[in-house]
Amino acid sequence: ADKTLTISVYSFAQDAYKKALYDPFEEICGCDLVIETGNSVERMAKIEANAAKPVIDMAVISSHDALALAQKGLLAKLDTSKLSSFDKLYDAAKDPVGDNMAVGYTFYASSIVYRKDLISIDSWGDLLTNEKLANNVALPNITGTQGPLTLMMLNKANGQNGDYAKTISDIGAAADKIVTFYSRSSELAQLMNQEEVIAAPVGRFAWSRFKSSPLDFAWANPKEGQAGGMNVMVMTKGNGNEELAYQFMDYWLSTDVQTRVAEAMIDSPANKDVKVSDEVAENLTYGADLINSLNIMPPADIIAQREAWVEQWNTEVIK
Amino acid sequence: MFLDSRQGLALALPAALFALLMFLVPVGILLSEAFQYDGGWSLGAYVEFFSKPLYQKVFFRTLKLGAMVAGTAAIIGYAAAFCIVNLSAKARGQVFGLVVLPLMISPVARTYAWIVILGRTGIVNDTLVGLGIADTPLRLLFTETAVFIGLLQLFLPLMIISLVSSMENIPRDVIPAARVLGANWLQVFTRVILPLTKEGLVIGGTLVFTGSLTAYITPAILGGSKVLMLETLLYQRVNVSNDFVAASVIAMILIVMSFSTNLLLKRIATARS
Amino acid sequence: MSENFVQLTDLTLSYGKTVAVPELNLSIAEGELVALLGPSGCGKTTTMRAIAGLLPPTSGRILIDGRDVTRMAANKRGIGLVFQSYALFPHLNAFENVAFGLRLQKMSNDEVQTRTMAGIEKVGLSGFEKRKPAEMSGGQQQRLSLARSLVMEPKVLLLDEPLSNLDARLRLEMRTELQRVQRETGVTMVFVTHDQAEALAMADRIVLMNAGKIEQVGTPEDLYARPETAFAADFIGFENIFHVKDGALVSDAGSLPMTTASDAAILAWRPGGVQVGQGPHQGAVLASSFAGEHREYVIDSALGQIKADAPVGAAAVAIGDTIAFDLPLHTARALDA
Amino acid sequence: MSENFVQLTDLTLSYGKTVAVPELNLSIAEGELVALLGPSGCGKTTTMRAIAGLLPPTSGRILIDGRDVTRMAANKRGIGLVFQSYALFPHLNAFENVAFGLRLQKMSNDEVQTRTMAGIEKVGLSGFEKRKPAEMSGGQQQRLSLARSLVMEPKVLLLDEPLSNLDARLRLEMRTELQRVQRETGVTMVFVTHDQAEALAMADRIVLMNAGKIEQVGTPEDLYARPETAFAADFIGFENIFHVKDGALVSDAGSLPMTTASDAAILAWRPGGVQVGQGPHQGAVLASSFAGEHREYVIDSALGQIKADAPVGAAAVAIGDTIAFDLPLHTARALDA
Amino acid sequence: MRHFANWGILGLTLLFLIGPFVIIIFAGASAGESLTFPPDGLSLKWYAKVFTVESFRASFALSLFLAIFGTLTALLIGVPAAYALSRYKIPGSETIRTIVAAPIIVPGIIVGLALLRYLVVPLNFGITLALFLAHTALVLPYAVRVVSSSLNNLKADMEEAAVLLGCSRMQAFTKIVLPNIRGGVLAAFILGFVTSFNQVPVSLFLSGPGVRTLPIDMLSYMEITYDPSVAALSALLAFMSLAIVFVAERLLGLSRYV
């Protein structure tokens, strides 16, 4: 094929995506997909480095990273009329970062995974205060996607009403008893499997790794509720391949593809029309009720405060 | 020695030009960004860097770990190299093969092996608790100890290689001569072996120290964000904060550290004789 | 004064599986100067290293001054060794090389200074104190190595080809110096050489070795005049060696009738013992060379090559010309088969 | 046959700023065998390297067979050089070392085979063809290096201490072989040695060098009997050299009256020219050594140390005893100041 | 007694150096789902899985290409440089030495970033080309240093002898110098090969859609899961490197030179 579309995606479950999304799309468009994978920060850094002459046509990243890129003028404003499935999306997914710079394609919940045979978790606050968790708990690093979510929930649990500085100080005070601040969920899974850590906040998309372990893991339902996040699609500015990119985005958002991806238990759908079995739903962040109950931090809040958080984190937590 | 220097220059130039154009120039441009501060040329970025307590701490930790790894590698390296040199030619080849074996293994995998070994239920803790040396499993992962062990294993082969090759250049009968003149083994080491292998020590020391400073995978995985080193901090500055200036500052610091350590070691080595 | 100051009993020395020296027996008296003589590879260095404690014997014993030192460490034996390869410390200058052993003893800095300087002077290297070995010529290095051992004033001093790299004059000087040291300090010396002239000149007694075994032991005069085996005779300069058979001299090349009968099995002549210019035999001159006091000829005879010395006064014979010669019985050494 | 086959004109040779050989002039005839003699460090190797083309001269010219080769590349000159350090190729066995140069020429494999084997045989290394240099003794390596140059049949063959590592017998054999080769092929040979006996024995002409300069050139007999300077005399064996002043012999140590008057400025005696056992002078014996045909004494006299040879038949004098001696004028060599 | 102490020290050192390798081999042979030692039962399924991951195949090919051709290129320019530095008096030879050795002391991330920003983006160099240049530069210091040290042990008079026997300078180099330093060249090749093959920091930035070195691919695989297949892959790669060294040793007698 003489047409190619270069996309940048998260690296997990590429085999499943290939079956559910890439292969059928290549069939339809008669083009080649070139796929770059990696975690969102690295991919963002490269999009920025290549801004003058974009290599990537279309990328999927976290909503606040999308906002950051948008603010640097690296993204193209989306013409939603070119996305036939746009109306089927949950409202929250339609314009998550404002100005139509991105559309959401999946939601995820975020809560605490813990060893049900050793401990019970009722509240996010337990992470810092439960005696049994001293030297047995890991938290996500503030620089990752999960970090701000945990910060938000700890803030809520301690009734600090958005005074994140105070929450970071609390984490700093407890830092000696925290095994590590992880940056990859796979790393956390390894640590929990070798019993280095018995509880830690984690995104729902990683749950399957814990569920299959011989150890007794459970997904907490803390009284503050679960945190939530969304991953979005964006298009780089001036990539010259817009038509194909729209075609691909639309295909990915279609009920067909979203259902296939959901049934493979990879991504939870952002398309309202997707219907799945209870058993599948159990593993996903599925359904309007659940999605509406999630504590979601506006991307703008994260972007605005992150530098300050990292700064404070570096002085008080990492020390 | 052939004296036609033009021919010599022609032979050396391709390598020098390659390193210069394809390597030093781009790196130099990047590093020069660290001298851009508030729109002009200044050392402001460096002042700012060293004014942050975390950065100071990371700086000194990196220095300390680098020195400790190099020092320990030198001690173990001498013992091992001396044993290797004393082996028969055949056994020497085989042992040498085993020593360089770790170099063949991806550092990624090597480091993950340490996660398994140093874990709460890993072999080290099992042994310590089993022997009654420790009551409860020690927390080794994500500590400086873990990073130290990982780096040591990573770079020890380089030290052994340098020391073995410089020990082989010790003239044949010099050690027996010292023995016959009344030196015990410690004196043989300090007065004969050490001065005669200092070149190997300088090369090995520089390789290990520089390697420890600029290693990325090991501190990233075994230390995580709790044991930041300059290289992992550099990565964080680039990737998380897009802060190229701080990254350049850190890179420049690393280069200066490596370079001055090399000079210092050379100086010490030549001053002694 | 002990007759058995250094005593080697059934000493077997090997490198891995190859036996270099099998079952050696040798006694050396206190204050004696013994030369180990023998061709390259016969085990001279090997024997020295064993005495010094650098090569553990496979079997047998080494006694020094009555004490069994077979298992004693090299640095405890109080033995000096001048290495064939000098074994100087390349990182130390001449002064520090000589001072090395002294500094290891509890000795004041002043004394180290005095004794080192004296040692350096003895070998004629004053003024070279600051030079590194690499900046000295072969002969200077050899002398430095000598000085390094001498200053230690060992009970036994082993010297492995200590003069091989010196030119004739320097060699004579160093010989004199070694003999003086030995006389003055009464040290027992064993020195190795492959040069018979040196062994003859210096030694009280010569031990001639061949392929790891002792071939003959005796005074220089003994060995020079009365070698007991064909090997010894050949090595010591009786370069013309022939079997006697039915009143004729026989070699691989042919035979020559004898003028006087002899009942010896083997007869050997030095080049100086061969008479040239007149005699019953004839041969072509293969080579001729001037040697100061005499002229050396190689003569192609019925017995093969014969080496003969002619007084320098005699008219020189050109190469290729025929010359008359004799092998007189009175200059021959008779040997058993 | 050219009288000036190899001609060095005002040749100055330097290492960086240090001049090793200043303005050397020397002519060597075709087919001549010349020895470069001189103490260590006098510039012998340096001169050889310049002739071979390995060291570009600072100034001056080198002519070979009438052609100026001063700027000619070393591999074009057709000169052979046997290195003092052998310079064998460690990765090649003995056969391949010798065959190396032949293989570079357009020559059939058979011929390479034949000539190489012949060369190896000449130096007595048959059977060692498959050995690597590291598996051979020093003397064997030296002979291999010789063979490698000989098979090339160069016009000029330079040999830098080609026999230094051989023992007396082997050395004689190799000397004979070198003389034979030279006679048969008529090659011009220049060889370096620090051993006067070797120079005397082999050379047609000896060039005696001292500190980069030529001290004397002459036939062996010339040099041996008639050295012209004190340095030459000393080097060639007139080891007892004294100034003549007011009818007495004078040295740094003292003076001794002469029995016969002489108008020479300097007189020199070989040890063999000194008469011992009887004579007007007395001295204590400092050292005494057996040398086969004679006994060498070092006598402590009013002139300092005197070296003297006594016939071996005479009764030996013990060290420390007094001995009578004379310095007869008829055995002395007179020299200018 | 000495012998015993000798092997004692060596044994402990080797245990420390090789222990992790043994763990990797066995962890990769686990029948369980996660990286553990001792493994939960033995099976070869993870070793088998390695061959089914498509991206590993592509990135292995890229890494192998870089390691082989990057190292060869480094040797191609590095050996003459080492030769010139040890045999000629060159003006500024210290500067040349420093320039050539510099890539060792520059942090890899900076190298990757610099090449990306100043070669790839403005000059339109492809990522593969940039990777190739970076790996060549990284191997260059090893090539020059290792080859230099074996050249220094090689006496210059052998080349002179060869020239006098009729060689040109070039022939003297190929017939005499090269055969005698082949151990050094081989050691440089192996050192360069493993350095390049296992290089991570430089390649962190120098990767693009479809272009990724194997270690980076392994790292990103581990973003998703720590299953034992990465251990299995590492063990396989180490065995591959060992096989290369073993063959080299057999063919060229490496141990005589190291």
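As written, the chain order gives the labels A, B, C, D and E, with residue 1 at the start of each chain.
By definition in this document, a contact is a pair of C-beta atoms (placed from the backbone, for glycine too) under 8 Å apart; a residue touches a chain by one contact, two chains touch by 3 or more.
No experiment lies behind these values; they were computed from the predicted model shown.
Colleague: Mind listing the chains that sit against chain A and also against chain C?
Modeller: Correct list: B.
Colleague: On the document's contact criterion, could you list the chains that touch chain A and likewise touch chain B?
Modeller: The common neighbours are E.
Colleague: Does B-E or D-E have more contacting C-beta pairs?
Modeller: Of B-E and D-E, more C-beta pairs in contact link B-E.
Colleague: Could you grab the centroid distance between chain B and chain D? Build each centroid from C-alpha atoms only and quote it in angstrom.
Modeller: So the centroids are 55 Å from each other.
Colleague: Once you find the CA centre of chain C and the CA centre of chain E, what distance in Å lies between them?
Modeller: Comparing mean C-alpha positions, chain E is 54 Å from chain C.
Colleague: Report, in whole Å, the distance between the mean C-alpha point of chain A and the mean C-alpha point of chain E.
Modeller: From the centre of chain A to the centre of chain E is 37 Å.
Colleague: Find every residue in chain C that makes contact with two or more other chains and list them.
Modeller: Touching at least two other chains: none.
Colleague: So which stretches of chain B touch two or more other chains?
Modeller: Residues 3, 115-116, 122, 238 of chain B touch two or more partner chains.
Colleague: Please list all residues of chain E that touch 2 or more other chains.
Modeller: 35-36, 113, 117, 204, 222, 226
Colleague: According to the definition of touch, which chains form touching pairs?
Modeller: Applying the touch criterion to every chain pair yields A-B, A-E, B-C, B-E, C-D, D-E.
Colleague: Help me check something: in the complex, which residues belonging to chain D touch chain E?
Modeller: 52-54, 73-75, 79-81, 83, 85, 87-91, 100-101, 104-105, 148, 152
Colleague: Per the contact definition, I'd like the list of chain A residues that touch chain E in the complex.
Modeller: 6-8, 11-14, 34-39, 42, 45-46, 49-50, 52-53, 55-56, 184, 186-187, 189-190, 193-194, 209, 212-214
Colleague: Any idea which chain B residues touch chain C in the complex?
Modeller: On the chain B side, the touching residues are 88, 171-174, 176-184, 187, 191-192, 195-196, 273.
Colleague: With touch defined as at the start, can you tell me which chain E residues reach chain B in the complex?
Modeller: By the definition above, chain E touches chain B via 2, 6-7, 9-10, 13-14, 16-21, 23-24, 27, 35-37, 77-78, 80-81, 83-85, 87-91, 93, 96, 99-100, 102-111, 113-115, 117-119, 133-134, 136-137, 140, 144-145, 149, 153, 156, 169, 190-191, 194, 197-198, 200-201, 204, 214-215, 218-219, 222, 226, 230-231, 233-235, 237-238, 241-242, 245, 249, 254-256, 258.
Colleague: Quick one: in the complex, what on chain C touches chain D?
Modeller: Chain C reaches chain D through residues 39-41, 137-139, 167-169, 172, 175-176, 179-180, 183, 194-197, 200-202, 220-221, 224, 234-235, 237, 239, 272, 286-287, 289-293, 296, 298, 307, 319.
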